[in-house]
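Two complexes come next, and they have one chain in common, subunit A, joined by subunit B in the first and subunit C in the second.
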Partner chain A sequence: MTTATLAQGLEGPSAAEMDSGTRNASHVARDGAATTTEAPVATSPAPGPVVNRPAIGEYFGSFMRAVLPPLIGLALVVGLWALVAMKSSDFPGPSKTFDAAVVLFSDPFYSNGPNDQGIGWNILSSLKRVAVGFGVAALVGIPLGFIIGRFAFMNSMLAPIISLLRPVSPLAWLPIGLMVFKAADPASTWTIFICSIWPMILNTAQGVQRVPQDYLNVARVLNLSEFRIITKILFPSVLPYMLTGIRLSIGTAWLVIVAAEMLTGGVGIGFWVWDEWNNLKVEHILIAIFVIGIVGLLLEYLLLLIARRFSYGVN
Partner chain B sequence: MGTMLPMGGAWAAGSDKPEIEEVKIGFIPLTDCSSVVMASVMGFDKKYGIKITPSKEASWAGVRDKLANGELHAAHVLYGLVYGLHLGVGGPKKDMAVLMTLNNNGQAITLSNGLKDKGAVDGASLAKVIARKDKEYTFAQTFPTGTHAMWLYYWLAAHGIDPFRDVKNIVVPPPQMVANMRVGNMDGYCVGEPWNQRAIVDKIGFTAVTTQDIWTDHPEKVLGATAEFAAKYPNTARAMICAILEASRWIDASAANRSKTAETVAAKSFVNTDVDVIRSRMIGQYENGLGKSWSDKNLMKFYNDGQVNYPYLSDGMWFLTQHRRWGLLKQDVDYLAVAKAINQTELYKQAAAQVGVPVPKSDFRTSKLIDGVVWDGKDPKKYAASFKVRA
Partner chain C sequence: MNAIVKVENVGMSFDTKKGRFIALQDVNLQIRSGEVVSLIGHSGCGKSTLLNLIAGLTLPTSGVMLCSGREIAGPGPERAVVFQNHSLLPWLTCFENVYLAVERVFGAKEGREALKARTARALEMVHMEHAAHKLPQEISGGMKQRIGIARAFAMEPKILLMDEPFGALDALTRAALQDELIGVMEKTGATVVMVTHDVDEAVLLSDRVVMMTNGPAATIGEILAVELPKPRDRLQLAHDARFAECRAAILEFLYQKQMKKAA
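== the complex of A and B ==
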């Protein structure tokens, strides 16, 4: 019996007290019971809650769980790629592409005139165009989303137009941009603007429509002005939706700039892909795929971090 | 050659000074952009007081748009494209100017190995294969009103094949031509070098005919600009012609110069390809992919004692007659008047005098094409209507 009590560890009354004869062990207050000198906790390997010293094994386990599956996925892709390359006569395999990548990235910021610049300059150039187009789209799309969400009339008026224009390909917008703006850069910016604005409008509108009725009732009770309703109630609760819209938009914008640059020329990652395609240097096209994908991923991740920073509560 | 100081410069400062000193000349990455590129690389432009920046463009449609909206001052451009743009054929309309011809010859028609296996190795055998009608054959060219389209149509028609009714006829960029031929989706295309040599090197096709065999010393690319540019900045235009004339003369001067040109032009900033794909045809060494090799004396010419570069009126008019033949122009136009408006013969003569380049005596020249028909520029309306195979 004593051993059994001993085995309960800290929770039960101390062994000494039990041995002294008091059979009212159960009445002993649990809070301060651990006064006994002998409190053999470590003997029992019972899997209790890990409190003050997590095992190294746990860290290792979670690290492996996070890193291993993506690595396996990547290895599968590379393996498949190598297989395809072996079968085909001129499709380059991973090792040939890697060699080409090393050469490209060893000097990413060289400049040999306007037609031949390092890959760093090309990426920066494209990002600049994306920034402008995306910025304008945000400035127009978010307020428009607020208006559509807030006023049912505007919603009914604009919904069919939005549904009509949303699925249009950027390659259809580009010639229109060229005709109206008569220059390649504004036309590309216009194409990014018109293609990436839709998620921002629609998500913001939805966020506004989802504001809990309680908040709006409070606003009515307090007789708040429209401006205060927007800034104090709508904006904070719409923020998560808005940020989702922005994240979707940035993906579209990055996609569009590559396509637009293929048609307009100049310095940029899209035109670089087109030039390498023109020369059928497939290794470089494959590298471009990775570069485009990685930059897109980083852009989205950046916005995800911003979203987390500004969100109230769960995201 | 190359870097003469402005002090001892070839122009009289003052009234002849170029209005704009930095000019952007667009080009498409093809071997025949060489004279524009070399004018910049060898410094011939500085000799005439301008700085040429060659600007690589994505497509002929892109060049057309950028010329029209002023983003490019001038461009290495298809002869027929300029004329089509001037008359608004199937697209925008803008008054244009041809400052000089950049090159003769150096294009070709490539047919796929699939066609070779069926026995089509030249025009006559191709006609027999197509007449069997066992599948729909696809042919490609670079621009609907451009030079390559006209060579392709002329050659097909010369062998009795209707380019619009007997085969499928599409416009795609050169890498797509090669990629599609590789997978059996493309049966033939007409395009400039290095794409024809490329098909042979990649073992996917062969050269059925070179364009110099269709029309020896035919006009090909020109230095095109808007009429507005030529009128507003004549000194700059003249300086451009001078610089590129000198570059053309330099390229044609020797095989060594041609070889060096091939190396320069193959670089990343320009055509962006392997030197070997450009060099051999550039120096006249041809192989057709069917085992025949020869040294072609009618290779891509940039100068030929000034005979390449003069903007003959009959050259421009030829493209108009072909546009009419194929229904791109719905009615006859005043062929001579249009050519006179576009081809800047006076400006060219001034530039040629400055550089010391001989000028031909007449604005017209006579040639006999592959089907035996002679073109001398005298009766364009009759010529356009005289063909058996037409729209």
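== the complex of A and C ==
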């Protein structure tokens, strides 16, 4: 939801700008006509600064409309938070948390040993695990999705297995990862892999199945080779579905890495949350919540931009 | 004029959940080189099925389909198709869409420059050179259909098959494209089979109008020879008595003879 409003916020002012631009143009046109034909001056608007004021007012108005509601929402949440903090004895309030945040972010990349690192390193470490697990899931899942979509036999063969394994919580796979890899880091990456692969397989398969028959008819009439069909027709047509699968995966992956790290320890934002809980530094946990949320939001937004770049008004 | 396409005793039936559905039965037709034939009839009369059979997109369940003496085994660029929804690939520009077809047909023998020249000529023929580097979603429906026509003609097919090519367009655009098509057909002398719902379009564009009976088990009802001189001008024909007669004959078939059968 927040991604949508962020996007809306970016589009709002430019739309208003366009409106004011056209308004200016029409004003200028009217003025021009008035002077050449010497029409009654009373009916035409006075030239100069007066013309610009309504335009700026409109721009300002729509800017406020876009920015004000989220700010009010944020203020409400902070206010509620302060209220809860006042009532409870060990729940820190917004100001206390803000002070702790300043301290944390003033030196995000310190390193005092493997279990005590700056928040910057923790975030990067988690992101690295997500990237690796995600990358391998894409390398395996997308071709598998193509095969399932293209060949009905493979679809019938693999569909029950996928349906069985998909609803399993990725964290249930973690012990198996620990047993096989005998280390926390690869086990967490394995957990990311197993949770991100399902949307990639299924969305790609659906994309392949949904290639419009029209494009395939064009391929048939042109007698294109199988290679050409895949590169010129199947792949571009499936790309939007693939990107949707990837976008869905990234949300789950980021969610899972925090939980997996809590269970396995090491370096990472999830581990850091659990560590701070053991140290009873609740402000740090709240900061971690914000950081995790913001990074997750940025990841999704990045993929949204990529998806937009590659969609071309299809479907 | 020799026959390019021969349809001999062709029947087409489909297996459906409710049993066997006979779409076409005992269809006999010959299409001669350089002529323009329209297929017209009510919905469900199998005209699109017949077109797909000629294109090779489906194979007949009985009878024989021949193109230049050889049995039609499947689709191919010598029987180019213009689809009702243009079917332009949306991730390629207009130029690239036509180039794809040109490369497929002539790529083995000609170099890239020659292929590009062919593509440019095809676009010029439909007056769309200015939109060569635009994507399909950046141009209007009529323009997209023009590119579809350019793509089909660029393949220099033996026979051009059009399945209600202007059906998705408004009347004014349709008229403009019909005139465009007349010009192109005049220039290239192409053999065309066109499925249409529009009686005026059929009389304006074709040498013969094939009227099909109602389905199921549809077959060819009547064939009208349109002997108006070419090239045809719609404004002139608006006053022509023979044009009105041709129109009347088709309308009679569709609304008197076929309606009675349906009733």
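Some notes on this structure:
To be clear about the criterion, the second predicted complex is superposed on the first by the 260 of 315 C-alpha atoms of A that agree within 3 Å, B and C clash if a C-alpha of one lies under 4 Å from a C-alpha of the other, contacts with A are read in each partner's own complex, and residues count from 1 in each chain.
In this section, a residue touches a chain if its C-beta (ideal position, glycine included) is under 8 Å from a C-beta of that chain, and two chains touch if they have at least 3 such contacts.
The shown structure was predicted, so the numbers you read here are calculated from the model rather than taken from an experiment.
Annotation for the three-chain superposition on subunit A: subunit B and subunit C fit side by side.
Of the two partner chains, subunit C is the only one that A:K232 touches; subunit B does not reach it.
Touch criterion met: A:N112 reaches subunit B, while subunit C stays clear of it. Of the two partner chains placed by the overlay, neither subunit B nor subunit C lies in contact with A:E300.
Set side by side, subunit B and subunit C differ in how many residues of subunit A they touch, and the one touching more is B. Taking every C-alpha of subunit B against every C-alpha of subunit C after the fit on chain A, the minimum distance is 50 Å. Contacts of subunit A with subunit B, set against its contacts with subunit C after fitting on chain A, share not one residue. Only residues 55, 57, 74-77, 79-81, 83, 85, 87, 89-92, 100-101, 104-105, 135, 137, 155 of subunit C touch subunit A when the two sit together in their complex.
Within the complex, the subunit B residues that touch subunit A are 29, 53-59, 62, 65-66, 69-71, 173-175, 178-179, 198, 202, 267-273.
Only residues 214-215, 217-218, 220-224, 232-233, 236-237, 312-314 of subunit A touch subunit C when the two sit together in their complex.
Contact residues of subunit A toward subunit B in the complex are 90, 112-116, 178, 182-184, 262-265, 271, 274-281.
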